[in-house]
Amino acid sequence: MTSLAGASTLRAVVAEVNTPRRILRAILPALSLALVVAGIAWFNPRAISYFGINLMLNLGIPVVLATIAQMFVITVNELDLSIGNFVSFVGCVAAIWLRENPVLGVVILIGCIGLYALMGAVIYLRNVPSIVVTLGMLFVWQGLAVLVLPRPGGKAPAWLHDIMNLRTPYVPFPIVAAVVIAAVVHFGIMQSSYGAILRGSGGNPNAIGRAGWSLLRTKVVMFLLAGIFGVLSGLSLIGLTTSADANIGKGYTLLSIAGVILGGGEFVGGRVSPIGAVIGALTLTLAGTLLNFMRISPDWQVGAEGAILIIVLAARALINRAGPGVLSHK
Amino acid sequence: MNSLLRRLLSQPWVWSYLGALLVWLAAIVFTHGYGAGGMISAGLALAVFSVITGVAQMFVITLGPGNVDLSLPANIGLASAVAMKVMGGSDSLIALGLGAALVSGIGIGVGNYLLIWLLRIPPIIATLSASFIIQSIGISYGRGLQIKPPPGFAEFTTVQLAGVPLLAIGTVVLTLGFAVLLHRTIYGRSVLAIGQNPRAAWLAGIAVERTRCFTYLLSGALGGICGALLAGYFRGSSLDIGDEYLLASIALVVIGGTSVSGGKANVTGLWGAGLFLVLLLTMLNTFGVSAGIRYVVTGLVIIGVIVAAGGEKAR
Amino acid sequence: MDEHSANIVDLTHIEKTFGAVRALAGVDLMVSRGECVGLVGHNGAGKSTLMNILAGTLAADAGEISIGGKPQKHYSVAQAHKLGVRCVFQELSLCPNLTVAENARVLHPSIAGWGWRKQAGRLIREKLDAIFPDHGISTDSMVGDLPIGKRQMIEVARAFTVTKESVRLVILDEPTSSLDSHRAGQLLAHVRRAITDGGACVLISHLLGEILEYTDRIVVMRDGKVVAADRAAAFSRDRLVTTMGATAAGRTGRADAGTVARGSTPVRVRAQPVRQSDGFELVAHQGEIVGLAGLAGHGQTDLLLTIFKAAARRTAGVKISDPVALIAGDRQSDGIFPLWSIAENIGIRSIKNLRRGRLISPDLETRFAESWRDKIKILTPDLRNNILSLSGGNQQKALFARALGSEARIVLMDDPMRGVDIGTKLEVYELIRSEARAGRTFLWYTTEMEELQNCDHVYVFRNGRIVADLRRDELSEEKVIQSSFEEAIHS
Amino acid sequence: HADTKSMRIAFSNNYAGNSWRQAMLKSYDIVTKKAVADGIVAAADVFTTADKEVPTQAAQIQNLILQGYNAIVINASSPDALNGAIKQATDAGIVVVSFDGIVTEPSAWRVVVDFKDYGKQEVVQLAKWVKGGNLLEIRGLAGTSIDDAIHSGIAEGVKEHPEFKIVNSVEGDWDQTTAQKAIATVLPSLPEIVGIVDQGGDGYGAAQAFAAAGRKEPTIIMGNRQDELEWWKEQKAKNGYTTWSASIAPGVSTLAFWVAQQILDGHKDIPHDLLVPYLSFDQDNFEAALATIPKGGVASHEYTLEEAKQAIANNLKH
């Protein structure tokens, strides 16, 4: 057995070579966004104005909120296939009851959040894949939405409409909202001490369990948060559209997943970034706008949406080139 | 005996068969036994398509977290149009049409894989983007027109042997083949290994990229075949003919006992899950419940089955 | 709590079975204040299981646990933490997606509120500084980005950190298996200091030297039972080995001469590290065992991976002549397929040859695995059991079987003896030597001096470069150490 | 009169994947290309989104506002949920004309087909040659207004003709495949069915489902699709099969275009709700129409400016 004297000569040589790439990876989402914004400015300079940004980005707020909800779920290695339909249901509840019978409306919404928490508990306790449970919930929310609102209609409460149409000084409201959301969530999950536990339970649940933390609790908390942000997403969406539709938020499921990934998140391992997710969601929103401004032939407009996603993500590849991209755990 | 039963119940796929049996019983209790056989043969016929897409999705999902083929519906839509257009209503061109659908599907698989490998785009986003592009190709190729299959092909997709659709028999044989492919070939083992740990698979000498590539091709090819068959069964191609198979294929895979975190797959369960979902629809349609109730019940039953089956052991 | 009780831990008649495996068959263990207990035993003897029970992560089937003199009714992880029992598990339990500081926080619920990150960072940095001077770890680095050795250092340091509850007992389950001898020395020295300060420690290791030199009392386990427990001084290396039940007792593992002169057999591998600027390269001939030495993380693994890659496609700076297999040391992330049976895990590298016609034959697969189980004694009642049902060392043996059973003529070993018990090691050394005699070429990265003795040729690495090239007759511990620390000029 | 020569009209469409939508786009393309070439308007651009989603289309409208279009013709994904965006457009002085999928925002125009009457007529027509019995209803996409309107029309028709009874209804989602599948699942449990009332486009699928189950096809109300009419023709030749076919003409898009152009031209008196008839065929005239429909397409009708003016005038008289 050797114990080595003179260890002081050992310099810290294996410095963290990964750091620069990590930083680069972190600012990638912002680069994608900048790319899209530059495209918009090129095709339609008028759009880059207080009024223009308001118009282009206000429908991004519900997407941002849904993306954050999805991000919470992805953090603990689960996936929520039901978030879009949940947003629809929340929208229906908001448009029907929140105005006429606020108490009932609030009770239902709180109940929904409770159901989300319950979903987290069931997934943990029965050890079932979240994809199936949320797939089931997708149908449940859709059915409830159709039952609540058999034909489109209802009306958003005035206060909701007013909030979503706030005219903030200098900086358009959607930007203010996005920054606030990003800051709050970043602080909550990336900076708080319990946030570390929550993320850790996605990275290595065993380690968190062995340190004496309740994994049931972390899962429930994350689903609860997802429920809360899902509700916020539904409310903000209805505040903008003023009226509901049983299918209104359906598309948010895929959009939110795409947003998280675009923002640098990964499906497993608790590696997520709230700021990235917000930027990712905004990028997706603006990508549609860019296409619109590009005047593509109607046949290829749908395809162009795919193309733009590819271009934005391919930029990631260029930077990640160095490493074995698909294999993330090393 | 008792332990055999327990072993059986611990198999995740058993629950989907039990579920199928249960909803079928509920439906025939409602009709006092009327139409019991008809329900099964209709169920078998319809389950065929979800099972084919389910097999495709199963191989992809087994590759590990993040792997999923969202381009299946668009693939199916395009392939249905390609097949019908090439067949052009003529029985003599059936084989050519099927071949064209296969080629179209494989082409899509190649595209998907190139996006994933060359551009390092996460599969879920790559296939989603691809599906948008495929839709556009479909629109400009087929103009959304419904083209009819040749009579011989249409007949082939609906013909029954003693109440059992020929297509279902064929698909059972096909799925048996895929079970062998999965469990008894190097390719299948490679998929399972990569799904558990791609790095370890690489270090164990498995051709990781070749396997991944082949899997997306396989998924594309199955989508293409499914598109052609659907166009035959439903007597006409259409671009959205495959829309429902996105959720259906994923549902089938997970209800059928395949692990969504990869590395573990189950072919037997696909049929159970396929029959279960179709018969669930049959039951609810037989009850004549409204759309809202139908959705809610469908959702609750899916959750119920999976929760009753309980989870795989935590890793 | 009874602070005056001399015994920190009293385990009596602990039993635990996993299915058909009786992992613990009534074990007694006692640890008193100011004592370091060495726990040794063959792979699968039940050491980790016992420690898991002591740490509260596993519930015993029967038996009593009493901590600080108090019998524990509802013992749990949380309870163990409260009572000051810490455990560094055999399989690392850090969160790869958290920073070093955040991982430190995971163990200390009391670190919260403003400035928690700073506080946690300071806590772990101070401990790292104390145990591993010059550790070179930044508390802001993501743990997943660090090599396994550093992760091990962090986890060990974390176990010694103290906030509210005092630490009374630290369990170290093979803490040195991923550390080089330099780091291991630092750690063990710290353990001694902690003991002097009134702490207590259970140390599990397969490096008997460590156990003999650094522990006060040694408990030997065998097949789920304690077979001996005595003062460390009462044991010698040979006595330990025989008590453990190893067959090849007493041998240090050094092969007898029979050295083949270099160059008499064809060259199998020629490889140049990427950072080697002077054109120097590693050469391995047929039938040679070539050692890669130096401190952990100085480019040995990278070179092995480069060579491995070169087997699939042409790579600049590397020339190989035959198929290659690799034995991973970091079995969790590089080796094991956790959903598969032991047989499947062993067979995967040779699957091409386990077919009848075009189809894999489970029968052939089982027989193949069985032959290897017998050859290197994998301890399991049934090879169809899940691989995770094996003890750590036995999992490692399965990986050995995977590579040695394959058609590969070149075998790369990435510090593969981590966690393998002494008896097995000796057998495996012998196996490697006989395979080499039969014409296989081995490239063997190891952090243990003892293992280098088996090599025909040793290259010492530093900063990603080869800095020394030692023939077997030139090999000495001093030379290796010297080259590891200084830029030597190779002749 | 304001001159519309320099004005630009955008078309906001939310789906292009089926034959009806393709026919709609084609008609629109033919008419507007000519209008632009003739210098009637400066531009008539088409914007299509990938999915049938409300938020996507709302965003699209907002983008059209930003691009400074003078008018927007829209086939909306939701009658109410787009109102926020529509209001923003009309507030910005943009003329919005909706058709097929109309919007309820008062400041926008609507080219409406009386879907409720269409539903009722299905039963009324059926009663002309079927004595009575069990009906199967195929619903459209759940939760949409058109589905609701047609359904309530059918319900009203059945109330007036109590000899009919709806024994079951299935969800067809306006999709032949879905409809056929849904029917296939209920068919084993159904008693004898004399007629199928639906929402257009499901007829052929329904016929196939009956054929696959080996049951005789009842009277199926058709929806002007070429394959439906073709099948009808075959059956008529074989056994005198009688039915009725109706649907909103995809070419209504062109009417909406002309309405927008007319409003831009200063005709502020145009009522906000313009009723146009749906296109229907009966036993005597469907074969003539069939000859003009492309294979796999839908019966359509493109409006000329004159016809559009006439249609507007008809509404003024009301």
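In order of appearance the chains are A, B, C and D, and numbering begins at 1 in each one.
FYI, a residue touches a chain if its C-beta (ideal position, glycine included) is under 8 Å from a C-beta of that chain, and two chains touch if they have at least 3 such contacts.
Since we're looking at a predicted model, the values are computed, not measured.
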| item | value |
| --- | --- |
| Leading chain pair when contacts are tallied as C-beta pairs | A-B |
| Distance from the mean Cα position of chain D to that of chain A, given in whole angstrom | 36 |
| Centre distance in Å when chain A and chain B are each reduced to the mean of their C-alpha atoms | 29 |
| Centre distance in Å when chain A and chain C are each reduced to the mean of their C-alpha atoms | 41 |
| Distance between chain centroids, defined by C-alpha means - chain B, chain D (Å) | 33 |
| Multi-chain contact residues (two or more partners), chain B | 132, 135, 139, 199, 259, 291-292, 294-295 |
| Shared interface positions of chain C, touching two or more other chains | 333 |
| Where chain D touches two or more other chains at once, by residue number | 16, 50, 142-143 |
| Complete list of chain pairs which touch one another | A-B, A-C, A-D, B-C, B-D |
| Residue numbers on chain A that touch chain D, as the complex places them | 44, 46-47, 52, 55-56, 58-59, 62-63, 145-146, 149-154, 161, 237, 240-252, 285, 288-289, 292-293, 295, 298-299, 301-302, 305 |
| Of all residues in chain C, those that touch chain B in their complex | 308, 325-326, 328, 333-340, 344, 348-349, 351-352, 355, 358-360, 402, 406 |
| Residues on chain B engaged by chain C in the complex (per definition of touch) | 180, 183-186, 189, 192-193, 196-197, 199-201, 203-206, 259, 263-264, 315 |
| Chain B-touching residues of chain D, taken from the complex the two chains share | 16-19, 21-22, 26, 50, 139, 142-143, 167-171, 175-178, 180-182, 184-190, 204-205, 208, 211-213, 225-227, 294-297 |
| Residues of chain A touching chain B in the complex | 77, 81, 122, 126-129, 131-133, 135-147, 150, 205, 254, 257-258, 261-262, 266-268, 299-307, 309-310, 313-314, 316-317, 320-321, 325-327, 329-330 |
